[in-house]
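Look at the two complexes coming up: chain A is in both, with chain B in one and chain C in the other.
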Partner chain A sequence: MASYAALLGRKLGTVFLTALLLSIVVFIVLRIIPSDPLAMMLPPSATQADIDFIRKELGLDGSIFQQYLVWLGNALQGDLGASIYFRTPVLELLKTALPPTLELVLVSLVMALAISIPGGVLLYKLERRKGEMVADFALVFLLSVPSFLWGIILIIVLGVVYPILPFMGRIDPSFSVDTITGFLLIDTLLQGQWRAWFDAFQHLILPALALALSFSPIIVRVLRSSLLDTAAAQYVNVARLRGQSEWRVLVHHMLKNAALPTLTLIGVQFGFLFGGTLLIELIFSFPGIGNLMVQAIKNFDLPLIQGVALVFCLMVLVVNFCVDGLYAVLDPRLRTA
Partner chain B sequence: MKIWQKLAVGLACAFCLHGVAAQAQERPQELKIAYPVDVPNWDPTAVTFPAGQSIYKAVFDSPIFVGGDLQAGPRQIKAWQWLDDSGTKLQVELRDDIYFHDGSPLTAEDLKFTLDRAIENKTLALHGMIPTLESVEVQGPHKAVIHFSKATPTALKGLAFLSAYILPKAYFEKVGPEGFASKPIGAGPYKLVDYQRGSRITLEAFDKYWQGEPAIKRVIVDIVPDSSARVAAIESGRADISVQIPVREVNRLEKNPNLVAKVYPYSEIYILQMPSYVDAFQNEHVRKAMQLAINKQGLSKAFYNNQAQPISVLATKGSPGDVPDFKIEFDQEKAAQELAKAGYSKDKPLKIRMLSTNNTFPSDYDVARAISQMWSRIGIEANVEEITVAKYLELSHSSKVPGVMLYSWANATGDPEIFTGRILDPRLRFSTWKEPGLADELDALNVQMDEEKRVEGYRALNQKAAENAWSLPVLQSISTIAYKKGLNVETYQTGYILPQEYSWK
Partner chain C sequence: MSSISVNQQARPRGGMARIFSHPKVAVGGAMVLLFICVAVFAPWLAPNDPNAQDLLATLLPPAWAADGMAQYPLGTDSLGRCVLSRLIYGSRIALIVAVAAATGTMLLGTTLAILAGYLRGGFDRATSFIVVLWMAFPPVVFSMMLMVGLGTGVRNVILAVILVDWTRFYRVVRAEVIVARQREYVQAARLLGFSHLRVMLREVLPGVAPLIITLFSLQMGVAIIVEAILSFVGLSVPSNVVAWGVMLADGRDQIYQAGWNLLAPVCGIVFAVLAFNLLSDGLRVVLDPRLRKRGGE
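Right after this comes the complex of A and B.
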């Protein structure tokens, strides 16, 4: 238990150090790009004197080092500055935008697992059988379609041609849901609004599915090869010799062990899933972090880009931290390593 | 069929039926608009954001209104007069039947509060939009005199344009700037009842609006930045109006029996900004050759259904600064001759850089590529590079634009000061042609109180600018809209989407 705690402590320390280094990298990179964050906020009649005044007001007149120290000092006190474009505290923007993205990503992760676990098992079962080539081809095809294209295809098919699912926003405007956690699926439940929950879930289906469809083929592939590896393991042969059914061997022995590399992959790929929200949120008018990042980049809103980039980094680090923790739980060998 | 299979089929049917039911649900007094952009924030005096003006106008209304004819007319300010000949004291009288959404009346104190904030706070866009604002003197509950530091003949246009909105003094002071930005109230036809940044704006008709409660009681503005998603929204019936859809989609949607789709002229102009600090453009013959080689009508036909009008000066057709008798005709032969005078030809081509945004304005990048092709026929090789508006503004501000730039200039007032006065003023960050002599000329025009002389002066300057090819006017921009057949929709040259003016048949 003590070694497990020490392992988690070490990992947590790494997360903080990595976050600090990332904040330095993001800060410096954004400052050395030859672009002026004031460009979009000044009126056409602004004179040089106006520009100098506003630059000073926003603290953009110091050296990079000075600016970073000020930013870090404020960030440690929970102040990430104010967005130049939105003229609103960055933290407030992030607080509103993060729950929708997390909700979207988590639902898409569940969908991806719902697709890829049976998919991986199916592909494993088809090994050296008739349908293997077709399944391989389908997998390569799915791998080659990016999430935004899935988004457009899903909108056309399930939004326009067969208009059965909504594709704009998070919930129908006829529902009024008070914000408690920011997660609509939770807030609607807490307020006992079942129809609103159903509607919010419907609004999540298409964007989450678009992300899941581009994410799941990778998991399918890794799960299949992990299953093939475990199929040759001794403990699997022993289970078979004990007379256990193929299905029982697969579910009780092989899947559990094959899940370890898959779990690692999910941790690594989570960043890509998060990155995918940039375009998906834009296409589905989803008010999340991805949408916010696109706005921030478009307007070269330095404080906001920094804030969102930091959140993206932290999310990936936290997920990897959790995956490492889970890995240690699932694989006892790692606790003593 | 097993139980779980039946359950699955049942669930799937429930999903479909629920979706279809939601689709078919009638909301007679509701309007859903698929709109491309969200507002940056809810203090409309803080930002210059042409694309969000329709939303601001719905919530805040405006002191002066510029209609489809681009003439300034009364709105919240019902009457005005200059108290001096030098154009520094403007007396305005507000209507006495205007209320803010909290029920408090709009008075001259609110006007003073709004303008005083702009005078004191240089970071507010309103400060930059009417930089000559000096003070406001309240003369009665609905009467005030606005003082300017120098003659400001375009003050009324300024009060109708970007960032000029009257804010409620008492409410603003009570909740503070951040409180106001999170829960704004105005005196416009609609109250903001729900706001999800980057996703949805829900507005409800204001029963005390001075022009009467709007016919459409609830307006839902869905922010849909992706143009194909906006098309999908109107096609699927999830939106009643979809704005700024691609022109090619207008042609397709026109054939849909349930929809009206159209392209209409808009008070923006496509111009080619010539940076005077780039060597190649200092040669007058090069600039003139570039100007003559552009087949503007061809561009309009190819990209805008022939709806975008070719322009020869820095003004929209029919606006005060337009010079109707003056035309720069497309003449490839003459263009080649001009280029030859500069020492270039097809055998010895001139190589330049060309910048354009991509999908910021309708068909912008395609137009830039087409112009580059036209130039290649006379011996100018223009390498088209994509650029963001933010990057362009930053380069323009630091006088480092490396090539000719295709840009669309918005001016919902149509006034020549906001076209030529801003595009050519060498002291301002938007100008790329830095002709020092133009500063004095513009200063003289900007304080000219005789409207006829002011407009005449601008027309002469517009013609001179075109003859010297300091900035190349190309086309008057267009806007696009698609809406359900049962809806009465007015389109304006200002491009405003005004739900208070719409109704269901």
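Right after this comes the complex of A and C.
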């Protein structure tokens, strides 16, 4: 168990180091910018002294290296600078925008699993049967529709043509919910506002489904091939010979073992799910960090872009770290390795 | 991946005939061909100038609807521009970005992968470490950030796709090169005194070529999606150039009055991406029988 803790500790160290290096990458990429962000925020009448003052204020003076050190020093103290466009601290903006995105991503992950576990089993069952070709083409088709197109299709079908579900924002503005955790599904419950909870949940369905629909074919694919791998394993034959029902063999022996490679894939592809929130949140006017990123980019808001980009990277790193930890819990062989 | 029937029929036949007898290659290939033809012959196929505005006929429904006009088969957008013509012209940007970005991604990713996988050592560690860093970026976030750094425009969209996606080629090809360099034919070539460069180009590269072709087709689909995303956000083409993402962004404002304005570019993007994905998926099976049992990436 000690080696396991040490392994996780080492991994945590790697996460920090990676995050630090990523912040350098982000910094350099944004400093090759051809246009001067100051030009957009100052009136034409600004004097050279004004420009110099603002430049210093925003930490945009000095060489890239100096700028980075200043930024890093502030960031380590919890100060990510102020947004040029919103004129508020980046950290404040992130604090309000992160919970909605996490809520959206978690709900869509649940939806994706609800779609892809039966889907993977179905495709496995169809292997070498008549329906295989159809299912196979359907899978490639589903892999070809990116999440933001699902978003648009869902809005047209379930929002406009058959107006069943809302597709603007997180909750109907007529509800007033105090912010406790920032997660609307939790805050409404804490305050006993059942109707608000239901409304917030309805608002989540379409954006989360759009993300889930583009994520699940990726999971289905790996789940099917892992199931095919386990089907050839001896323990599966042994279970069958012991007279266990097909269903029991599938659930207790095959799915359990197929879960490991699937989990790895979900970890690796989590960035894909997170990246999808950029356009999904824009399309559904959802006030999360994805939408914040798009706004920041449209306004050339450097401090904000930097902050949001790093949060995206951190999320991916944290998820990968958790998947590593979970993997070791699920697979005893990895604890000593 | 799938399709047992093909392997049962794997009698000695002409190479091309065998490849195209696979249903995914056949369907995907035909769709790719159609897509390329539409893009190349756009000026002859489009019924109208894609930028010509007919302000007396805005937001027309498709021609088969009650108040549609035969002149505009798929209707018009909010400025009275022909949706079908814009759909046809939009394929040009998609094709240009797909070809250029996939080529660049392939060259960069494969070169680094072969060098890293074959030479190993410090170079391998360094490039692999960069890949680990790159993997922490959600691709969309990274490409948008690059567009801020590089500035808008189609050329920079291509550059952004290359700089983000070369890791896909790198990871897959490098793993294959590491296996290939242990093979006898590579060892034999070294014993014969061939230079490292010659071994890499003449022995290792042909071995991983099927994989590269498969990834190339896949990457073309990815590039089309990325271009659509970036032009949707307004980071890609200038306003006088037609792109599917721009059509989506324009159509979003009139979603209640004219949903068909959105459906046309949605279908265009899905068609093109599906074409390359089918082709890639089929080629993977046909070109490398060993991959039949492997799923996923």
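The definition used in the following text is that the second predicted complex is superposed on the first by the 326 of 337 C-alpha atoms of A that agree within 3 Å, B and C clash if a C-alpha of one lies under 4 Å from a C-alpha of the other, contacts with A are read in each partner's own complex, and residues count from 1 in each chain.
Everything that follows uses one rule, which is that a residue touches a chain if its C-beta (ideal position, glycine included) is under 8 Å from a C-beta of that chain, and two chains touch if they have at least 3 such contacts.
None of the values given here were measured: they were computed from a predicted structure.
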| item | value |
| --- | --- |
| Combined model on chain A: chain C and chain B, fit or clash | clash |
| Partner chain(s) touched by A:L106 [first = chain B, second = chain C, both, neither] | neither |
| Partner chain in contact with A:L278 - chain B first, chain C second, else both or neither | second |
| Which of chain B and chain C A:F300 touches, first, second, both or neither | both |
| Partner chain in contact with A:Q202 - chain B first, chain C second, else both or neither | first |
| First, second, both or neither for A:S225, with chain B first and chain C second | second |
| Partner chain in contact with A:P166 - chain B first, chain C second, else both or neither | first |
| Chain B versus chain C as contact partner of A:L185, first or second or both or neither | neither |
| Chain B versus chain C as contact partner of A:T47, first or second or both or neither | first |
| Contacts of A:V323 with chain B and chain C, given as first, second, both or neither | neither |
| On chain A, positions contacted by chain B and by chain C | 34-35, 152, 155-156, 160, 282-283, 294, 298, 300 |
| Chain A-facing residues of chain C, complex | 1-4, 23-24, 27, 132-133, 135-141, 144-151, 221, 225, 228-229, 232-235, 248, 252, 255-256, 259, 262-263, 266, 269-270, 273-274, 277-278, 281, 293-296 |
| Complex interface listing, chain A residues touching chain B | 34-36, 38-47, 50-51, 53-54, 57, 85-89, 93, 96-97, 152, 155-156, 159-160, 163-170, 172-173, 176, 198-199, 202, 281-288, 291-292, 294-295, 298-300 |
| Footprint of chain A on chain B - complex, ascending | 15-16, 18-20, 22-23, 34, 38, 40-41, 43, 46-48, 122-123, 125, 127-129, 131, 162-163, 178, 181, 194, 196-200, 202, 220, 222-226, 228-229, 232-233, 235-239, 388-394, 397-398, 418, 422, 427-430 |
| In the complex, chain A residues that touch chain C | 18, 21-22, 25-26, 29-35, 127-128, 132-133, 136-137, 140-141, 143-146, 148-149, 152-153, 155-156, 160-161, 218, 221-222, 224-226, 228, 265, 268, 271-272, 274-276, 278-279, 282-283, 293-294, 297-298, 300, 305, 308-309, 312-313, 316-317, 320 |
